[in-house]
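Each chain gets a letter, A, B, C, D, E, F, G and H, in the order it is written, and its residues are counted from 1.
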């Protein structure tokens, strides 16, 4: 009997501190699997942002470095310009990437920095306990929109991927989801494509991954999947936006 | 015969795998692991097709699939 | 050391950085720093280094941190408002023990303030690099020559202690032209084995470089952090013994002392000369490192010998004055002569202010 | 012996270049020299000015309360700076733009018609070079040869520029003799 | 004053702001501030005020400045990293004399640090609000009750002096629940005639509200700025006489003094009680205002009476300790007891540290 | 004889410190003319950013307030939410608005704050002496791109107006130019429309105005106009983008 | 007289609610009380804990080195906190999840099978309410009536909840008698 | 008869108006104003149509038009 699916070797041999059903784990797993398939175990380097997302750096078997909240793309610019041969994965939450860090995110994309940004869109600030993010859906209840997000006051969800896809410089912009096996496989393909572009020196790529935060959505993981299917993917249509 | 092995150490009992198994083979088991989670167990092992969907969806890489 | 050539202060300082092995610069334009950024915009390319015009100072300092974590000697330059925007990251760099050199070409005043030279960022760079109370070394050169001479040291110390180091000049120093002998070229050091450098080992074991103190000998991160901060305090305290730099000018028989740093000290020297010509026994005490501050050296100035002192600075409210006052023997009367509004302190006025205390 | 200069005019008159050339020249002659521009907001629109110090020894303050030589090339500069000459110093005014200049007591006044002279040199833009020649010859702290050489090196390689600037410099030197 | 009700520290403090007439809040989530932001996200609406969840702390403090310039009592709350991001604007607010209240619910450490309570932002708030060396008042309450009691004062003083005012609590104070009597509601004051408020006069003459000191009695802006900074220094110095607040506990016959502020002081009080029970003559000196710092009051503690002292804080490296040391008579030995890593100082340990000095 | 064009009364009675041929002056003139035509002389309030643009606030006869570099949109949010009846003009340079201030600019737009941003796009940092801005054209020589802007390193020009027009919330987004009388008249119409939307409580509007910086372009004002005609308007096509 | 409590368990066991209810109840009885949660990172995954102090007078430190009463509801909490009981204090363990608990010398040990008792109360979620009843009755610094009243007010208005929680509280009180 | 009046105080001699006048009526004058600019002057006044283009383009609001 052959092992046809195994735990990737770039994952640490202890469990993550993500909550049950949190799809940060899925995203990190995919990064590791792609790194293995591309044989870049020795050249992949990760950026740890601020958010629940930060934890990814603590359980992958390659170097990762931390950055202040939102500044991942700037720090990554400084790093990658000097280590062009390493494959740099800038892993960020939606709050980190699209709220406080929007300026750095967009300018790095516009300069065409040769790295890959992977943004986990779970529509909330996970780590701080579920406040509204720019990505929060209209009417969504969060701890800072307790009556449901009022778009008159807080604005429509910020479709960052579309915004970046609208710039001329970025090479590849895509949105995928992690709530179905099909979605996970497509997400993996997208990550692979992004890494390949980077390895070829092709420039900037942006991969948004829709994800669940059962804890702050106050849902079971199962209900979170249902909600993603019925609501989240409607606001955030899945697919390649550019490249 | 295809089968899966759940590493109880990594499983958080989230149940995502339960929902995706076309044969509905996975359930929360009766026992808890060190972290306090009722980890997943496969039932009716012989019906497993080794389709890997459960492993693919698992956020905690707790499932290995054999075929 | 090459022959003396006339050079703009900012440009000489940037060239000195290049010669010191700096190969990455990120900066955002701000008067009176612009000529530094403009110079490196082409010079870095020429030398095979990297230049990035950042979208903001916040981005710039993070680019520097990233470059440091790649093992590259890296630099940014800015002025007060930009430095304020860097404080969070400077705090992160202290906490994470990431080196980097920050040149602050001071303008005067708070907030938007003015673009002319000033010395009003003294507190900001000497008290704490942002939240958390950690600091790095701060050099305050008196001239273009001293600034270029200190540049290699700034990088060396930044890497030795793994802290950001501030080089504090000002608008007038940056715009001024005078002859300067630039330091020799040195090769960029190989930093790839440093613990704060990521992605440089083949077949490497995972390392998370992130507020490094989190990962220490204890499985309890909080304990590691506390231990790291205790070590940090000890390190900073040792600087008082090992890293203090200062200049004494005509202090041997001085009965009156002028305290000043940077451009103010340069002007004050002229005042001392004038006063000496008038037969007044005046000397100059000039801190070169503002952090560590020459506390014990100032405290040691005996009250028997010194009858009165004057602290000179281009900052209103005074900052340096209060700092000197804390360390100088209470019995020595200390006066304050200070200007803001972009006005340079003038030697005639310094001499007058000193004389009023005689 | 330390000499201090304040140079002022409007944007296009080449005041900053003049100050810089003086420092380059002084350095060639192994003298200490500083040039400090007024910069930024002050530049746009209003007057442009800078200060120069030249000395055999180390220079302390690059600026001063009053100066040995104050050179003003337009009216606003004259108004602003005419009272910053040291008692025994010299006020040098561009008489083509400053009519009826008066120097404070004990201050020597030199009036020079730059517009006229620069026509002679061949370009309205040579006023600052004429002034360089004048200052070198008049003050004597920068050797004329060194000044001229470094000036020609810095001011562009085109033959015609060289000829023009050379002439302008010489005109300044010639003019200085009138006040010697 | 209403009946005592059990409340979370953060929520009580935010409610106190509302009752003090605050009608605008902008904030960005950061542990341990989040419950404050969450509370006002619905409470402001209820009271007819405005709540904005800002895109960052940098945006938040600018929203507060904008709201202040509209004549609204306005507030933000954050923790260390967020406060660092606010420094440029705080400097602008000082320079432009724009009021606003900033609650800093401290976590510990530099950089990313940790999210548990700490007191390591002492330097950042007491030395300079960003570049330029200007500061506002800083209140450091010891309990939820004192924090709510100081809230009206914070707004009043902020407007009286036209400076940003910092209310410094910490994570444990913010998360703690205890009974508190909230202050009475007061009506928001009419600030529309204040010189820093824009767009409130019909048929108005143009006013540019922008680093206000630029526009003064002289046509020369630089002179106006210099004058304004001189006045600023005088104002801050007067605070030493008029605004200092501190608490002395069992100091009458004390031979040993514990210095502490905020949460540390609360814990230290227990230590004092314990030591008194053991017959030791120990007292507590607690600054309530950290800026102005009770310098002369500390200096006045006679060396005849006091045999030794201990400075307690939740900050490593020490900060408060060094500040006390600067003002306390040099002949009184001063010890330091400090914790970081999110550990609260404990009364047993404080008592032990004090006893070691007896 | 009738006066058919006069200097607007909201302009101060002394000259500005803008350079000759600088079109900041044109923009400010238009704001004042529109304010007069709409009769909002008593309710118009301006925001002074950092840049040459800051000077506008010093020579208009209504209240203006200053803000830190790039933060205009955030400060404006705090102001306008509390003074909804005033007409708020957020005047910014391209560097201020699209580089350091991008995060604040985009989030205010996305929240739909009810004010008008007028961005003067002169493709350089004017006040600091002509460094490259995100708006700088490919190949353009500036003091930080002395060999001409290399888009491989510095990125393509950031078309901020298009980016904002792509968001669902903003009501009106337009780009106009100030280098021809026709352009000036169209710009005036655009400003009027934006103010009208604001007065009606309609929400966010963004008016980009192409402008010349003869000083830092190192051109005569006349050549600057020619350059705008032949080059600038090609990169930045003029017209309404939304609303 | 000041009593200090440390309460610990895993996330779902209602530890924080227990601590808060104690403070509400103490306040109703005009006692001073503090509740201080361990928050943030510690919450996710691991154990959840808080400290409570109740006193007739003003309370200083809201935390301590050791506590009069340490309540541990799961194994990791037991391991982490069993040695933080004051010498004359009491360690209260949830015997359904902590087998073979041992108290340090001089420390009183109370074992209570919350899983069994909460079944009796009608819901697995009532463990913390049972503990509230037990603590009130056992320690005696919070009047039982006040505690029960405030608990019922805070724990939801549904009839069935009220009945269930009321029963749970009473079960705790009853249990306390066994150790009195 | 239409005409324009240039307020020399405001004119910076930028020349933008020169280029837009359909009749090419405006030139830099011989005199400088207090700020040192050769301010614009209208020539062949009688040809002016009062079309306002010069005033519209003027960044410094230095031109008034009469018709």
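Before moving on, here are some points about what is shown:
One rule holds for everything that comes next: a residue touches a chain if its C-beta (ideal position, glycine included) is under 8 Å from a C-beta of that chain, and two chains touch if they have at least 3 such contacts.
These figures come from a predicted structure and were not determined experimentally.
Counting only chains that touch, the fewest steps needed to get from subunit E to subunit G is 1. Among the inter-chain contacts, the highest number of C-beta pairs connects C-E.
Inter-chain centre distance (subunit G to subunit H, centres taken as mean C-alpha positions): 87 Å. For the pair subunit C and subunit G, the distance between mean C-alpha positions equals 55 Å. Between subunit D and subunit F, the centres computed from C-alpha atoms are 41 Å apart. With centres set at the average Cα position, the gap from subunit B to subunit H is 84 Å. Residue positions of subunit C touching 2 or more other chains, listed in rising order: 31, 55-56, 58, 81, 88, 92, 96, 111-112, 114, 116, 210-211.
Residues of subunit D found to touch two or more other chains are 45. With touch defined as above, residues shared between interfaces to two or more other chains in subunit F number as follows: 19, 66, 68, 99-100, 102-103, 107, 111, 134, 154. Of all the residues in subunit A, the ones that touch subunit E in their complex are 50, 66, 68-70, 99-100, 102, 125, 127-129, 131-132, 134, 143-147, 154. Put simply, subunit C touches subunit F in their complex at residues 28-31, 34, 37-38, 41-42, 53, 55-57, 81, 111-112. By the touch rule above, subunit F contacts subunit H in their complex via residues 1-8, 11, 15-16, 18-26, 29, 178, 180-181, 184-185, 214, 220-222, 225. Interface of subunit E with subunit G (complex): residues 4-6, 31-32, 114-116, 171-172, 175-179, 266-271, 273, 344, 346-349.
On the subunit C side of its complex with subunit A, the touching residues are 23-24, 26, 50, 52, 54-56, 58-60, 62-72, 74, 88-89, 92, 96, 198-211.
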